[in-house]
Amino acid sequence: MAITRRDVLKTLTTGTAVAATTGTALSGVTHAEEQVAPPPAAVGMLYDATRCIGCQSCVAACAEANQLQPDTRLDPLHQAPRDLNYTTKNIIKLYKPTDGKSYSYVKQQCMHCVDPACVAGCMFKGLKKDPHTGVVTWNSQLCVGCRYCEISCPYHIPKFQWEGFNPKIVKCELCKERLAVGQQPACTSVCPAQAVIFGTRAELLAEAKRRIQQNPGKYYQDRIYGEHEGGGTQVLYLSRVPFEKLGLPELSQESIPAKYLKWQKRVYSYLAVPVVLYASIVGVIRNNWKDHQEHVQEEAKKTGVRAQL
Amino acid sequence: MANPNETPTIASHLHACGVSRRSFLQLCTALMVTAPVGLSLTSKASAEEIAQVIGKARRPSVIWLHFQDCTGCSETLLRTSRPDVADLILNVISLDYHETLMAASGHQAEDALKQAVSDNLGKFVLVVEGSIPTKDQGQYMKLAGRPALEVLRDVGRKSAAVIAMGSCASWGGVPSADPNPTGAQGVDSILTEKPVVNLPGCPTNPYNLLAVVLEYATMGRLPALDQYNRPKFAYDRVIHDHCPRRAHFDAGRFAREFGDEGHRQGWCLYKLGCKGPVTHAACSTRPFNEIPDVWPIGIGAPCVGCTEKAVAFRVPIFDTVDIHAATPPEALPLVHTPVGTIGTAAAAMVGAIAGGIGGAALMASKRLPDGGTAAHVTAGSSLDSTPQRPKGE
Amino acid sequence: MIDRWERDVPVFDVPIWTKPFAVTCGLGILALGLVTYRELAGLGPASGMNDAYAWGIWKTFNTMVLTGLGSGAFSVGIAAWLFRRHRLHVVLRTAMLTSFLAYLSGLMLLGIDVGRPWNFYWILTPWRWNLHSPLLEVALCMPVYAMVPLLLENVPPVLDWIYDKRPQYRPWVMRAEKIMVRFYPFIVGLAYILPAMHQSSLGALMLLAGDRVNPLWQTPWLPLLYLWAAAYMGFACVAGTLLFCSLMWKRPLDLDVLTEMNRLTAGLIASWLLFRFADIVFSGKLGLALEWNIYSGLFWVEYLFLSTSVFMLLDSSKRRDARLIFHGYIVAAVGGMLYRWDPTTLAFQPRPGAFYFPTPIELLISVGFVSLAIAAFIFLAKVLPILPAPLRLWRRMEEERKTVQDTATTAQFAAAD
């Protein structure tokens, strides 16, 4: 086929369009690369596993404050959850190594990440991060029950209610009702050993750093978990044993949405790439459409049978 | 008081005193009920058995010495009624010297001590109440002109066993609090070659003493002791582990001020400085004055740790203590709880589905001709592609 | 084998109610019954999903994997329309119908899988959309794709049916066809851009799971690899369907068309394998692939299936061996399905001690909905002109119809006499 002026023009336009689109998309790079910072009034908790005595007052207090039914599936007389679930927003677990000596307790609840993966995945913003306090909350009116949050959360926190026909996603919301009236979350207010305390993220970081400084060698790698992990969390951890043993994964300093959804954001920014691709596809099809139609009409004439679209 | 020629058995003595067998059996029932678990005495099944055992026992001779004490431990002994103190000191044991209870005084008292010791040489039980000053040749406490140190060594040497009644006798108690100007010490740091049973407490629960004495009298041996020579039946657990207010601790319900709502409700006193978590004692299970819940925590006063040398009179009363469990409870879930199972029906179904699809595919592929040309296809077969002759022609 | 596919002809010589049709219908109805149980009792009793494996086979297999198989309209269509493979136009209707039914089945199961479906109306309120969420992209794009371009692409066979069976509506049909012809390129364009978007977003779904997807599968190229896999899986599904249907309903095969498809599929798979391997090597994961554990085993099984299929397809094209072609496509389909399913379940390691296996009800619902799609295909292939055939088959159909009509008219006259 000889190259016509039309072809040249088309190629040029397509080329420019593609270049423009890529430029626009890549310009979204600078936006996508920015690390999300904690909100100005970010509040959280500091849990020091070396102070925790495993008394579980926090578990009882959380259940009471959130009006949750006790999990009596294993033991009909006592609230004995095996894991966080649809009726347990806070739990104390035991890390028991084989040597039986360096055991540690760990408190598990929502980490209220600075850039949460669950919020990034939630289709209709059912999980939302408060722009002031940074507390991640769930809205039953927006949630579809797709459980993408369960898949995305690196700490396995959101739990789905598997029974019944009005299932919820259940997770710690830092006792937002208590916070609203100036109280502390239930768990931090009852801890007898002051193992978990409440405060602004800045205060808690300062306190944790102070403890590390005053007790060199006591804390694992002299590190505060949650300061940078996964982009930072608002619930911070101090521990004597490796964090991985307590179920806290070693994440990179980039948050999960920033690290993994980079290209999705770039390709779909302003829908530029899809629109340009669509335009090019339609252009090519229209070109081939004419040839095809001619061919089909010829066949119809030859055989005498109606052409099929 | 004692017959120097022959020590009669308790049974014969009681008979001689005119105590009926019925009363004696009642005493034995009382002993069986009130004596602490953990003694071989209480492993007896009935009062009769106890009666038999005790009946055969000889009334042990007990000499009770007071040093730097407040006499609180004797006072607490007086407030027992099962058995009645009179019964106790007259019928069950032979209390041959006790400065507070005996009638004698002055030279008579000194003689009484000499007599008691020589009459029961090597057989009596020495109960010590109060700490012993050791500084400056022990001059800060003298008994009949002799330093307490000397008296203890002298009498203790001749005893069969020593019981240190109260914290003062066990490890120094109040007199040994900072700066310990008299050098007050407990009995076992002075009498190092004798078996010493420590019964710390301020005061000790009197049944601890009773149990040890009875065990010794009837079985001829002392109860099992821990590393601080305290009987395990009373001192093996911390108060925190058998406290009636533990449920409040576990649920996070604390009294924060004396007289506040939580205090009135009887909530846990941990935040008011209760030393229960670090204090070995049995106060929660054996009330004082034989009235239920009459013990410090029971009346709303945080435990001060009076049995523990490292706690009492050292750690401020309202300071909270660290709580450490020796081993973590088995009831807590592990960090990674297993979840998800495979059912046999489901596994079978998957197999069936895979088999079904695989079978269908295999069956289908068998019918497909392989690598053949039209020559291999028989006329009229399903894949015959030769043009059909139109019908009707 | 020297026959040629020239136009699409309904399977007129097979009765509608056959055993396979009855069985697939039965399974489908059973599944629908079980769905009622799931809606009333909740997801827990009806499935084996748990908090560690929150997505079971419904989302991962029926939606994520089977819509990959249902990408025939996308890949075969692109080959035909964008790359001018004229021969493939005759199989496009098969591709479009299989895709449409696969998507319908997958979307229905997606609706059954979500726990609070009554809140899905927020899809209509753009201000509530979280534009960063890959799942939103899927939830938006897939229904639009199925209900607009894919549905419209499946309208022509229905128009043909009306033209043949309801002659009184012929003028409407002509008018409709005229409109369609005008807008067809735009519809078809949508039919390619939309699947490109959501098939890649299906891949992006597992990106958010981060480290918990085994590194042999987790890669920033996951969306592209999923899309590429959908391309060859679509081919496999269409070709496999054609072979299977021709076999069951005794239709001739057009080896030229099949050979064309074989070459395209083989090319797609081979390039995909190379790209994936290059990604593994350049991100330093080759060591992981060479370890001796279950994950590297899975990885190599996928490679085994897919590379074998390449050789089978190319070889069968040379030898024009229908059986080998069929096997080749099955192996390709299995390999592709395995690749798309692994990162969601088998290669998904949420935490130690977690395990998932579907329950019988879950399996029955999953199989049942696939059966439903197959039953629908069987029915529609018999009624509408979908499957390709040589022209003489069309003529035979017309003749048989005329014979039937004549017999009926004769009978009428005879009765009138």
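By written order: A, B and C. Residues from 1 in each chain.
As a convention for this text, a contact is a pair of C-beta atoms (placed from the backbone, for glycine too) under 8 Å apart; a residue touches a chain by one contact, two chains touch by 3 or more.
Small disclaimer: the values here were computed from a predicted structure and weren't measured.
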Winner on C-beta contact pairs when A-C is weighed against B-C: A-C
Farthest chain relative to chain B (centres taken as mean CA coordinates): C
Chain centre separation (chain A, chain B; CA means) in Å: 50
CA centroid of chain A to CA centroid of chain C, Å: 31
Distance between chain centroids, defined by C-alpha means - chain B, chain C (Å): 73
Per-residue overlap in chain A, given as positions that touch at least 2 other chains: 83, 247
Multi-partner residues of chain B (at least 2 other chains): 336-337, 339
Set of chain C residues in contact with two or more other chains: 50-52, 351
Contact set on chain B toward chain C in their complex: 336-343, 345-347, 349-350, 353, 361, 364-374, 377, 382-385, 387-388, 390-391
Chain A partner contacts - residues on chain C that touch it in the complex: 6-8, 39-45, 49-52, 54-55, 81-82, 84, 86, 89, 93, 113-117, 119-120, 122-123, 128-137, 139, 156, 159-160, 163, 177, 180-181, 184-186, 188-190, 192-193, 196-197, 201, 204-212, 220, 223, 350-351, 385, 391, 394
Residue ranges of chain A touching chain B (in the complex, touch as defined): 53-58, 60-61, 80-83, 91-96, 100, 103, 105-106, 190-193, 245-247
Chain B - residues contacting chain A, complex: 249-254, 270-271, 320, 322-325, 327-329, 331-337, 339
In the complex with chain B, residue positions of chain C that touch it: 1-3, 48, 50-53, 243-244, 246-248, 250, 252-253, 319-324, 326-327, 330, 351-360, 362-364, 367, 390, 392, 395-396, 399, 403
